[in-house]
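In the two complexes that follow, chain A is the common piece, with chain B as its partner first and chain C second.
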Partner chain A sequence: MPKVITATGKALTYARNIHQEFGAGRTPTPLAKITRKLNILVDYTPLDRELSGMAMIKDGQKLIWVNSLHHPNRQRFTLAHEIGHHVLHEDILQQGVHVDKGVLRRDTVSSAGTEQIEIAANAFASELLVPQTTLKDLIDKEFDLDDNGSIEKLAKKFRISTAAVQFRLMRL
Partner chain B sequence: MSYVFFDTETTGLSPQFDQIIQFAAIKTDENFQEVDRINVRCRVQPHIIPSPIALAVSQTPISLCFDKSLPTHYEMMLVLKERLEGWSPAVFSGWNSISFDEEFLRYGFYQSLLPSYLTSFFSNARLDILKIAQAAHVFEPGSLIVPTNHNGNNTFSLDPLSRANGHTPTQAHDALSDVQATIFLAKLLKTNAPLVWSQAVRFSKKASVVDFMNSGEVCITSESYKGRTYQYPVVKIGEDPGYAAFVYVADVTRDYSQFLSLSLNDRVAWLKSSPQPIRKIKANASPMLMPLDDLDEFQGMDLDAMYNASQGLMSKTNLCTALSETYFTATTREFDNVFVEQQLYDRFADHKTEQIWHDFHAAPWENRWKVLRNMLDARYKKLGIRLINENNPANLPENMVSIMQKFVQRKPPKTEGVLPPWRTVATATQELVEARVNPNFTNQSSAFDLYEEYLKKLPS
Partner chain C sequence: MGHSNIYKHVGNNLATRRNELNLTQSKVAIAAEISRPSLANIEKGNQTITLHQLYKLANALELDDARKLLPAATSTMKLNPTPTTIKIKTTSKNLNDGHRTEVQKVLSMLGKR
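== the complex of A and B ==
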């Protein structure tokens, strides 16, 4: 396992490998199954509104918190993002034995993409939730992007927001 | 984020025709440390006859029900509205609260011209700790010590369960004491059954349940009956045509291959057979769902095969439609909500109605009748008149006085053989007979004597 990965390309590779190994070829991506296989405990919990989720390692146990009060699509992205931290940034999370220091928060800073580790975790999450090959296949075979409503259908299929689909399509 | 644990003591079991007589709640932080509390009692409304059994359970003397030093039911509901709104957003939690205490709270607000869905709105969420305890016993065995009752069945009653796990209650069936016992068990469950707790919190909001069910993933739904909890692996096949929050799910272990070849009557009969292949999940009632993907195993079944079966079932749209339509036909009954007390769920109050509620509460009692004259929703006009009658009858219009006097007496409808849905002197008398021979109430004979005296003074 690497120490800290910040390169987007490597983050995408890790996401693809994990999807291939544990995703069972399913769409939408079975995140619960993946966290179970990666031995990560997920705790859905009501957090303050501005906080999406947290990741840490405590006594050797990998943990993720997801804000249960957020929209389900956002919860899924948060979960995928926090999985990314565990996969890509284990060394940073290991420092989380000291609780305050070890907790990586996904907040406005990371969504603005100003921290390299957050950018990498976002790229990981995006690929895990919407694998490039699956998306290309769907566009080739089932969805005509010129059709009204195709973005909504894709969002429903992947269980992500329409904004996230549009973002993903731009990066194809 | 806060939790609000709450409990009620009531005059009986009907949220529509009984009322809360004690409400207690403790607001806690995310670690269940107390931050604030409320514990209030109120008088019984003049048209309600409390159940002698309910009073015996909560050990409430009949004299306390009509103690004029206590606030009226309306005054108490006003206090609760202010306090609970002030505590929001929070996770409103209780013991068997979704189907009992929440309903009393909603109907209490409804009958007081206050917002009924307070615990669901304002970014609030709802949890039922009883459902979590029952699921934890199955999915994370050993997380709780579950005692047995005199029949040898597991019991999830709050008092014996909390005692068996080390809690010493101050007074069973007192609302505040029950809240403390519920917090004790919530702490225990969050620590000892983290997976079940997390899933319960995850599905404490309707949007999360609907989103999950729409995904086509399989989940285990739990139902408890006589101390036993039964699980069914299910997937969504449809929804109630009138209310999308009622999701229809199919047991993925059943064989549906012959269903379309059955006659309508046979289809209905099959869906009604036990165990039922199709069930309804109320997405807005914090259902206890365990996604299959979160489990390492389930009753020795092949999880991948179960997932594939669910996908196969969902892909047969004709079959899913037929199953949903037949289930709707088989289970839907036309309820005629004759009485205004029952009509909360008939429709939402519109904005103008809510504005009139506000004007009603703000006006001095002598002007409230005038405010009600602007009310177009007949339900709230009728309920508002009752509030004036209970709280300040001198300000009722003259033509309403005799109508209200007659209402308070609550005589049964004149149709022969039709029992009224509220408690009458006759039904209360019958309950008293049963209460006197109930072995749980052997030490309450003097309380029953006083109750009998109260009944005798009522017009029969």
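== the complex of A and C ==
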């Protein structure tokens, strides 16, 4: 496995493969099962509201912390984002703890350079939570994106925030 | 996070005490109502000892206090050193001191689960 993956396309491929292998195409994505299969220990702990999560590899053990004070849907995105770091950025997590502030903030999403790994982790997370094929299917059959309620319905279906749905739809 | 050291420690205490009394594993195992292979594994720290087994073994080894077989709390901490030297990295530039302290606090819980 390459050491640090920053290419969005590759991040999406990793997410799809993991969803297929461990998620069995289920909606909402069974994140607990996926972390178990990937041998990642997850801890939900209260953190400052500005911090969303952390990831680290300590003595070979993969670890994730999720801010338990955030809304459960936001916690799911954080968890998926941290899983992304473990899958894509193992080398970085070996060097110390990686702390993530609000992962879906616009400045994180749009800025470049050092934040390439965050962009990759976000792409991974959004694909893991809302796989392309599942979303396309839904939009073809049930959802009209011009309908005002559709974002909320999608959020409910995938158990993610409406912000995460909007982020996902940006690369439809 | 690995707690196997605790069991090695307890196993070691059991074996030391048994040798002090010049007892065989078989004799102690019978008195504590466990099998001899189980006792052998417990002494090596390869089997997780249960609380009731601990009391029965303390009894079989003529100890008035089962706690004598346990490692001291402070030595457990030493066996699982708290990671104080972990580097904190973030892609966001402005991780303030309060956040750093909070992260350290969470990390310091690592050895104590």
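Please note the rule applied: the second predicted complex is superposed on the first by the 153 of 172 C-alpha atoms of A that agree within 3 Å, B and C clash if a C-alpha of one lies under 4 Å from a C-alpha of the other, contacts with A are read in each partner's own complex, and residues count from 1 in each chain.
Basically, a residue touches a chain if its C-beta (ideal position, glycine included) is under 8 Å from a C-beta of that chain, and two chains touch if they have at least 3 such contacts.
Keep in mind the model is a prediction, meaning the values are calculated, not measured.
S.K.: Between chain B (first) and chain C (second), which does A:50 come into contact with in this model arrangement: first, second, both, or neither?
M.R.: In the superposition, A:50 contacts chain C only.
S.K.: Between chain B and chain C, whom does A:41 touch in the aligned arrangement: first, second, both, or neither?
M.R.: Both partners.
S.K.: Just checking: does A:151 make contact with chain B only, chain C only, both, or neither of them? Give me first, second, both or neither.
M.R.: In the superposed model, A:151 contacts neither chain B nor chain C.
S.K.: Just chain B (first), just chain C (second), both, or neither: which does A:71 touch?
M.R.: A:71: touches chain B, not chain C.
S.K.: After the superposition on A, what does A:92 contact: first (chain B), second (chain C), both or neither?
M.R.: In the superposition, A:92 touches chain C alone.
S.K.: For A:169 in the superposed arrangement: first (chain B), second (chain C), both or neither?
M.R.: Neither: A:169 stays clear of chain B and chain C.
S.K.: Where does A:24 make contact in the superposed view: on chain B (first), on chain C (second), on both, or on neither?
M.R.: The answer is first: A:24 touches chain B but not chain C.
S.K.: Please indicate which partner A:58 is in contact with in the superposed arrangement: first for chain B, second for chain C, both, or neither.
M.R.: second
S.K.: In the overlay, answer first, second, both or neither for which of chain B and chain C A:115 touches.
M.R.: Once the two structures are laid over each other on A, A:115 reaches chain C alone.
S.K.: Taking the stated contact definition, name every residue in chain A that is touched by chain B in one complex and by chain C in the other, in rising order.
M.R.: Of chain A, residues 41, 45, 47-48 contact chain B in one complex and chain C in the other.
S.K.: Can you list the residues on chain C that touch chain A in the complex?
M.R.: Touching chain A from chain C are residues 1-2, 83, 86-92, 95, 98-99, 102-103, 106-107, 110.
S.K.: Which bits of chain A are touching chain C when the two form their complex?
M.R.: Within the complex, chain A touches chain C at residues 41, 45, 47-48, 50-51, 54, 56, 58-59, 61, 63, 65, 92, 95-101, 108, 114-115, 117-118.
S.K.: Could you list, by residue number, the parts of chain A that touch chain B in their complex?
M.R.: 24, 28, 30-33, 36, 41-49, 66, 68-69, 71-73, 75, 156, 159
S.K.: Which residues of chain B touch chain A in their complex?
M.R.: The contact residues of chain B facing chain A are 1, 30, 89, 91, 123, 125, 194-195, 198-199, 201-202, 204-205, 207-208, 211-212, 214-215, 217, 291, 293-294, 296, 304.
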